[in-house]
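One chain, subunit A, links the two complexes that follow: it is found with subunit B in the first and with subunit C in the second.
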Partner chain A sequence: MYKGKDFIAVSINDESKLIAADSTVQSVLERYTELRGVDISAIAVAINSEVLPRARWQAEPCLTGDKFEIFSVVAGG
Partner chain B sequence: MPLTDKEFIRYSRQILLPEVGEAGQQTFADAKVVIIGIGGLGHLVAQYLAAAGIGHLTLVDGDTVEVSNLPRQLLFDDSDLGLYKALVAKTKLRRAYKQTGVSAVTEHLNHNNAESVLNSAEIDLLLDCSDNFATRHFINQLAIKQQIGLVSASAAHFQGQLLSIDQHVSPQSGCYHCLFPADMRVNQSCQTVGVLGPMVGTLASMQALMALQLIMGNKALIGKLYRFDGNQFSWREARLPRNPECKICRQQQVAPDPFTEKHYV
Partner chain C sequence: MLKIGDYQFESRLFTGTGKFAAPQTMLAAIAASKSQLVTLAVKRLDLNTGSDNILQPLRDSGVKLLPNTAGARNVKEAVFAAHLAREMLGTDWVKLEIHPDPKYLMPDPIETLAAAKILCEQGFTVLPYVHADPVLCRRLEEVGCAAVMPLGSPIGSNQGLATETFLKIIIEQANVPVIVDAGIGAPSQATHAMELGADAVLVNTAIASSAEPVTMGRCFAQAVDTGRQAYLAGLGAVSQQAQHTSPLTGFLND
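Here is the complex of A and B:
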């Protein structure tokens, strides 16, 4: 079983998830896209209702309770 | 110029709103708005804005009316098939809303016509109702370069997005490129994934409302991304801060000149 100190609880598109406590936004998004067969260059993310630019994904740590909203471009009209 | 009695009666339900009043209605009458794309979004946005008494609309679209447009582009009917959308819309809006001046540009926005279409001294607001990612980026560059407020809306499948951009008014807020860098992969368009009429109409209505709010001077909406899910009937809101490393708005003076960019045609 997971040890509490090594994992933190976050939500990703309204689903509760446990992720490694040392996860970065980049690692979370890589995992998310790999599992779904989605290209990581096709997504954007808001964390706690603020858009985080791609250039900051690598350095951004994750905190307990973070709410990830992952979405893609909608370009139609 | 004060409102006439006829105008006062016509717009009475708007003037009743304390946020609008007579002064706001006059602001609408003085406003000049450019709408890029007269499809699912643009035809309805144009209609709402003309009906509300916006002074002048410029409608930009090089497409002609196709039969597959008719389930969601309600301004057009079978008799319009093959005609330029911008011209048909101009004719019908002029007929219904005589107080609004309407110009039609029957070309897609490109680097050759952008300068004549967008003269910042003449424009109060730019509305992105286009249907592709490259044009959306081009419009964003133009808006940033010319310091014109921009409302960008989009819809495909059961997803919609809405965003106001105006770094002149709100310098810390982001632009379209801060949100979606130009090298992102894009999968969703109405042509590939489909869309229902009311889905794109919902976004168009919100875009028109946001446009009127911005013209009224409501700055609170700038720099926020609104996303609508038409399956779950949920709206999400996220702040869009300016990305200090954004290639387009980082330093306006070093952003690529949209009038000389060759790859958006």
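Here is the complex of A and C:
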């Protein structure tokens, strides 16, 4: 279905996903938040267990095997 | 005015956002409570259900947001949660809580002190949730915490100030604000904490689990205000023996 050279496999919150090989972190996050009606200004992301500052999302490339963890705020005490 | 870090609060009632039946109820109850600081938690986004998007209405309401590290079981997880929260909310304030025990949610003092030291060194404004341990509270102050948040009784238990004796010692010794957190189940208990000299209280379950959270939020606002004013006015001394309030001579027998 996909051409191998154009897509890479990553994990997003423990689900395996194929994303365009030229994706940036920003583009991945936009796609996943928009699909689910989540406010992108209200999330944070860790890649391979390192928190990635928002200022670096645009320039950060994605690599095969990257492990994305997307977090949001929820109600709590 | 209550000053914590570089921020001033008119209200000495802080509120949590958990356990409310609906986001609108939570927002209305917080408004009624006049709270200016509310806690939030950080959680991995569920890709199937999305998130409840409570952040924007809270931001719009003008309250200061205090993310917590609930769910962290050790130093590493708590520091990670604090960094996530900072990216997410744009605040370096964090309510540090590390309670690996799911039954009583007792805060782990050793992990908490170590995490507090790291986060303070990294420039966070750290408000640690701890047991009512005067020695630990001093140690947390020494590593740079902006306040301490000793518990009254277990989280969500509504048991009130089971730790009163130790809260008094903490309040006497502290050079940073003391916020009594956890276990306050009734407005009268919040009043009592404030009468003891607490700088603020944090209430969540007692408001959220009331049949009428908005009314209860208002009750807590009044209770905290009353307790604070009573503390400032100065409570009378307690004595074992009766002390008459009317003159006992010169009326019937002279």
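Here is the rule we go by: the second predicted complex is superposed on the first by the 75 of 77 C-alpha atoms of A that agree within 3 Å, B and C clash if a C-alpha of one lies under 4 Å from a C-alpha of the other, contacts with A are read in each partner's own complex, and residues count from 1 in each chain.
Note that in this section a contact is a pair of C-beta atoms (placed from the backbone, for glycine too) under 8 Å apart; a residue touches a chain by one contact, two chains touch by 3 or more.
None of the values given here were measured: they were computed from a predicted structure.
Chemist: In the overlaid three-chain picture, which partner chain does A:S16 touch, first (subunit B) or second (subunit C), both, or neither?
Modeler: neither
Chemist: With the two structures laid over each other on chain A, which partner does A:Y32 touch: subunit B (first), subunit C (second), both, or neither?
Modeler: Only subunit C is touched by A:Y32; subunit B is not.
Chemist: Just checking: does A:A42 make contact with subunit B only, subunit C only, both, or neither of them? Give me first, second, both or neither.
Modeler: After superposing on A, A:A42 lies in contact with both subunit B and subunit C.
Chemist: When both complexes are superposed, which of subunit B and subunit C contacts more residues belonging to subunit A?
Modeler: Comparing subunit B with subunit C, the partner touching more subunit A residues is C.
Chemist: Figure out whether A:I70 sits in contact with subunit B (first) or subunit C (second), or with both, or with neither.
Modeler: The second partner, subunit C, only.
Chemist: Could you say whether A:R54 touches subunit B, subunit C, both of them, or neither, answering first, second, both or neither?
Modeler: Both partners, subunit B and subunit C.
Chemist: Which positions of subunit A sit in both the subunit B and the subunit C interface?
Modeler: 39, 42, 44, 46, 49, 51, 53-54, 69, 71-77
Chemist: So in the complex, the part of subunit A that touches subunit B is made up of which residues?
Modeler: 39, 41-42, 44, 46, 49-51, 53-55, 69, 71-77
Chemist: In their shared complex, at which residues does subunit C touch subunit A?
Modeler: Touch residues, subunit C against subunit A: 16-20, 23, 26, 39-47, 49-56, 67-68, 70, 80, 83-85, 87-89, 155-156, 202, 204-205.
Chemist: Please give the residue numbers of subunit B that touch subunit A in the complex, ascending.
Modeler: 37, 39-42, 128-133, 136, 153-157, 159-161, 174, 178-181, 183-191, 193, 195, 200, 203, 225, 227, 236-241, 243, 245-246
Chemist: Please name which positions on subunit A make contact with subunit C in the complex.
Modeler: 12-13, 15, 32, 36-39, 42-46, 49, 51-54, 69-77
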